[in-house]
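Input: structures, listed below.
Below, chain A partners chain B and then partners chain C, in two separate complexes.
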Partner chain A sequence: MTFDVFLILNSIPTMIEGLGITLKLLFLSTVIGLALAVVTLLMRLSGHWLLTWPAMFYIYIFRGTPILVQIFIIYHGLPQFEFIREGVLWPLLREPFGCCVVALSLNAGAYVSEILRGGVLGVDRGLHEAGKALGLSTPHRFIYITTPIAVRLAIPAYSNDFISMLKATALASTVTLMDMTGVARTIVAKTFAPYEIFIAAAIVYLCFTWTFQRGFGLLERYMSRYVKKDA
Partner chain B sequence: MRRLLALATVAFAVATVTPQGPAAAETLRVGTECTYHPFNFRDENGELQGYDIDVAKAIGDHLGVEIEFHCQKWDGMIPALLANKFDLIVASMSITDQRKQKIDFSDPYRVSIGQFIGAKEKDLMFFNEDGSVNEAGFEGVKIGLQRATTYDNWIQARAPNAEVVRYDAIEALYLDLQNGRVDAIMTNPMKAYLKFLSQPEGAGFEVVGPQIEETEFFGIGVGVGLRKGNDELLSRINEGIRQVTEDGSLEVFARKHFPFTIHPQKWQGTE
Partner chain C sequence: MGEEARVPIIVLEKVCKFFGQFQALKDIDLVVNKGERVVVCGPSGSGKSTMIRCINRLEEHNNGRIVVNGHELTGNLRDVNAVRREVGMVFQSFNLFPHLRVVDNLMLAQKLVRNRGKAEARERAMHLLERVKIPEQAGKWPSQLSGGQQQRVAIARALCMDPAIMLFDEPTSALDPEMISEVLDVMIDLAQEGMTMVVVTHEMGFARSVADAVVFMDAGEIVESNPPAEFFQNPRNERTRLFLSQILSH
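The block that comes next holds the complex of A and B.
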């Protein structure tokens, strides 16, 4: 086997062409996913079965199936229905980019709402009671006491999910999107050099993972600035 | 004893120089897959049918020999020919440089072609009256094709302003054409006809423009394979292919399965 180190270096600039789509997918779907997650979390915490059950059902469906299957169902499956093709959502679902944002957002929403729930449940009961004693209302207690602590508790798990999302965007290449993996696969099909090209792609992904990891690390430190450090 | 040997030698020499080629046997054994519809397959009565089969029989008629078919799996096709299990391969085998290192090929009896398929109502104008590429017709049009195929190379060279959407599987290509995610697809019209255009879901679609037969992109086509060193037989097979091309037999064979022809429009001797 011949191994061409220069091919790795030379293919990285071409790979960067797909970076725009990868990052757009990542940021759009994590932002929308976070919004969905907050709504789902509030539904789950509401304590009313009419809100809790749909939220649990949604989480179960999207955590219980592979993202690839979700992308395929949304991309290939939905257009089988006439009312989808005639409907208002078609301009979005017609484009592979739209389908991937929908799939990844729904997926992120399900996972992140569980992460946030973990954070909320981790908040000490005593703090609630203290808030109550001070005469804070339930919404006030949630916003001023629970949220800041829950966010701090959830950050390590959330950063994990964020990095998973970065890697999940690679699945977009299966529905014709030219994200970084899509570009890589096209180069491979032309050069017949899978090792070099995919190693180049892996290097670019690793650079971004490192950046995000650092970013979340700093955020975690910032959020924990009032926490007493155990020696 | 010596006389007998001499006689045998003479008989052998006569047999080898007679213009009948393998006349000693009076039959030519032809290897084919027997499972590749509609080129070589068994019909409901178990009879071999298809374009390859028709071509092989026509060549047999031309050479004046019996044709005897041998069913052989694809991956063992060339080894079986080299091991003398049969004399010819007539199995939709494309002529490639790699295969040419092992065996000889006749002139093509079927072309490798690309063609566009699009919705009937869209009035796609990819070609001018004279058959040349109309680049303006590709402006703002989404073309679906399989990633890094010969079609991909063609469109990048001939219609660089088209927006190309690259797929992994051909089924997804047909689906997205139906769903309107792409305006047209570029593919092999034979496959597209069998799997899509002749099916109910292909009803609103048609081929757009002529069959594109540029050999520098799509290759020379499909030929008869035979062991190296049979130049005499090869030239007679080529003569036979020329005859069935020119007398319209190949068109008749193709139209049993397709509404179009699938052989080179002009008989072209290989180099």
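The block that comes next holds the complex of A and C.
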């Protein structure tokens, strides 16, 4: 079989056309997902079953099913219902892009809330007690003591999830979206060279993964500036 | 205290505390007067820490009565922070906020609880850092300080809130030997200024030189409570004698 290095290089610029959608999916769903995660986290930490049960149910459903299945249910399944088609969310759910953002956000929310919970549980109990002993209220302790430390503890796991999300955006190509993988598939259909084209796509994904990894690495270093470094 | 009228500032009456089936405190009676220094000692697991943690309600007692500077610590306490504002606490493991610089550790609660402005809070913080003799460490992270320095910062942090009472829960137990005296010196200064103090410690030298009363606890009970001279020279209870012989034998 032949292997065309130039085809890889030449297809990368075309691939970049799909980059906009890939990054838009990534950033929208990570931002919305983070907001969902914080709400879910607070519900879980509330200690009241009326709040913790729905939160745990939500996490269970979205962690327990493949994102691809969720995308298919939202894109192909929901429009079957009349109340969805007449509902306020229809303009969003009518479009494949909207469906993907909804699915990816709900997914991120479920995973990230568990990541944040890990961070919160990792905060030393003694610090809570010190805060209490100083007369700090529960909200004050959460905002000024728990949050900054929990965020630092959660960064490594969160960066992992962020990179998973980058790769999960490729699933959008299954519902006709022209993200990077979608573009790659159309080029393959024209050139009949799946090997080269998908390697080109992989290279672009790797470049972004490297950039994000590095970014999170710097963030982690900044957030850990007060932690004693062992010689 | 001498001739002055004795004003009770901490009163515990028949206080009981359970952790599940385990009874950590059994009918504790204790009165601490204003300006008094009380040292609490006893074997580990005897309920010393639990008792002082009930005083600022880090633990909730199950039975009995606790009154702290006029605040009744009943089951459904309306404002727990009203009590905690009166009571400073120093922990064995320092518990400084690691993500805040030393001076910010001292300023946080002043701003949020005492509603002090930034300048006022900083001035108070620096004043207290000078009092514990480490003003030059103000801009450092807690992790850059030695254990003794961290504990002195913790004492200063509690004092920033102008407490009427200071509780110390084994303040020197986590320290290397050479750092113990720098922390005890600060505590002795504080005692000489008339602060009401309840100190859980095994530093018997400290108990001898500053305590008004030494309380010995065992198995959740107060076994003996006496002025230090009496306590060390003439311990009445067999358990006290055994404990003293164990910790003073070296």
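Operating definition for what follows: the second predicted complex is superposed on the first by the 231 of 231 C-alpha atoms of A that agree within 3 Å, B and C clash if a C-alpha of one lies under 4 Å from a C-alpha of the other, contacts with A are read in each partner's own complex, and residues count from 1 in each chain.
Everything that follows uses one rule, which is that contacts are C-beta pairs under 8 Å (C-beta built on N, C-alpha and C of every residue); 3 or more make two chains touch, one makes a residue touch a chain.
If you're wondering where the values come from, they're calculated on a predicted model, not measured in any experiment.
Of the two partner chains placed by superposition, only chain B is touched by A:T186; chain C is not.
Set side by side, chain B and chain C differ in how many residues of chain A they touch, and the one touching more is C. Legend: residue contacts after superposition of the two complexes on their common chain; A:P79 is shown touching chain B, with no touch to chain C. Contact with chain B, but none with chain C, is seen for A:T174 once the two complexes are overlaid on the shared chain.
In the overlay built on the shared chain, the residue A:N160 is in contact with neither chain B nor chain C.
In the superposed pair of complexes, A:P148 makes contact with chain C only, with no contact to chain B. Using the contact criterion defined above for the overlaid structures, shared-chain residue A:L127 touches chain C, although it does not reach chain B.
When both complexes are overlaid on chain A, the residue A:L136 reaches chain C alone and has no touch with chain B. Overlap of the chain B and chain C interfaces on chain A: none, as no residue is touched by both. The residues of chain C lying in touch with chain A in their complex are 56, 58, 81, 84-85, 87-89, 91, 93, 95-99, 101, 108-109, 112-113, 141-144, 154, 157-158, 161.
Across the interface of their complex, chain C is touched by residues 124, 126-127, 129-137, 140, 144-145, 148-149, 152, 225-228 of chain A.
Residue ranges of chain A in contact with chain B, taken from their complex: 76, 79, 85, 94-96, 174, 176, 178, 182, 185-186, 189-190.
Taken in their complex, chain B has these residues touching chain A: 144, 147-148, 165-168, 172, 175-176, 179-181.
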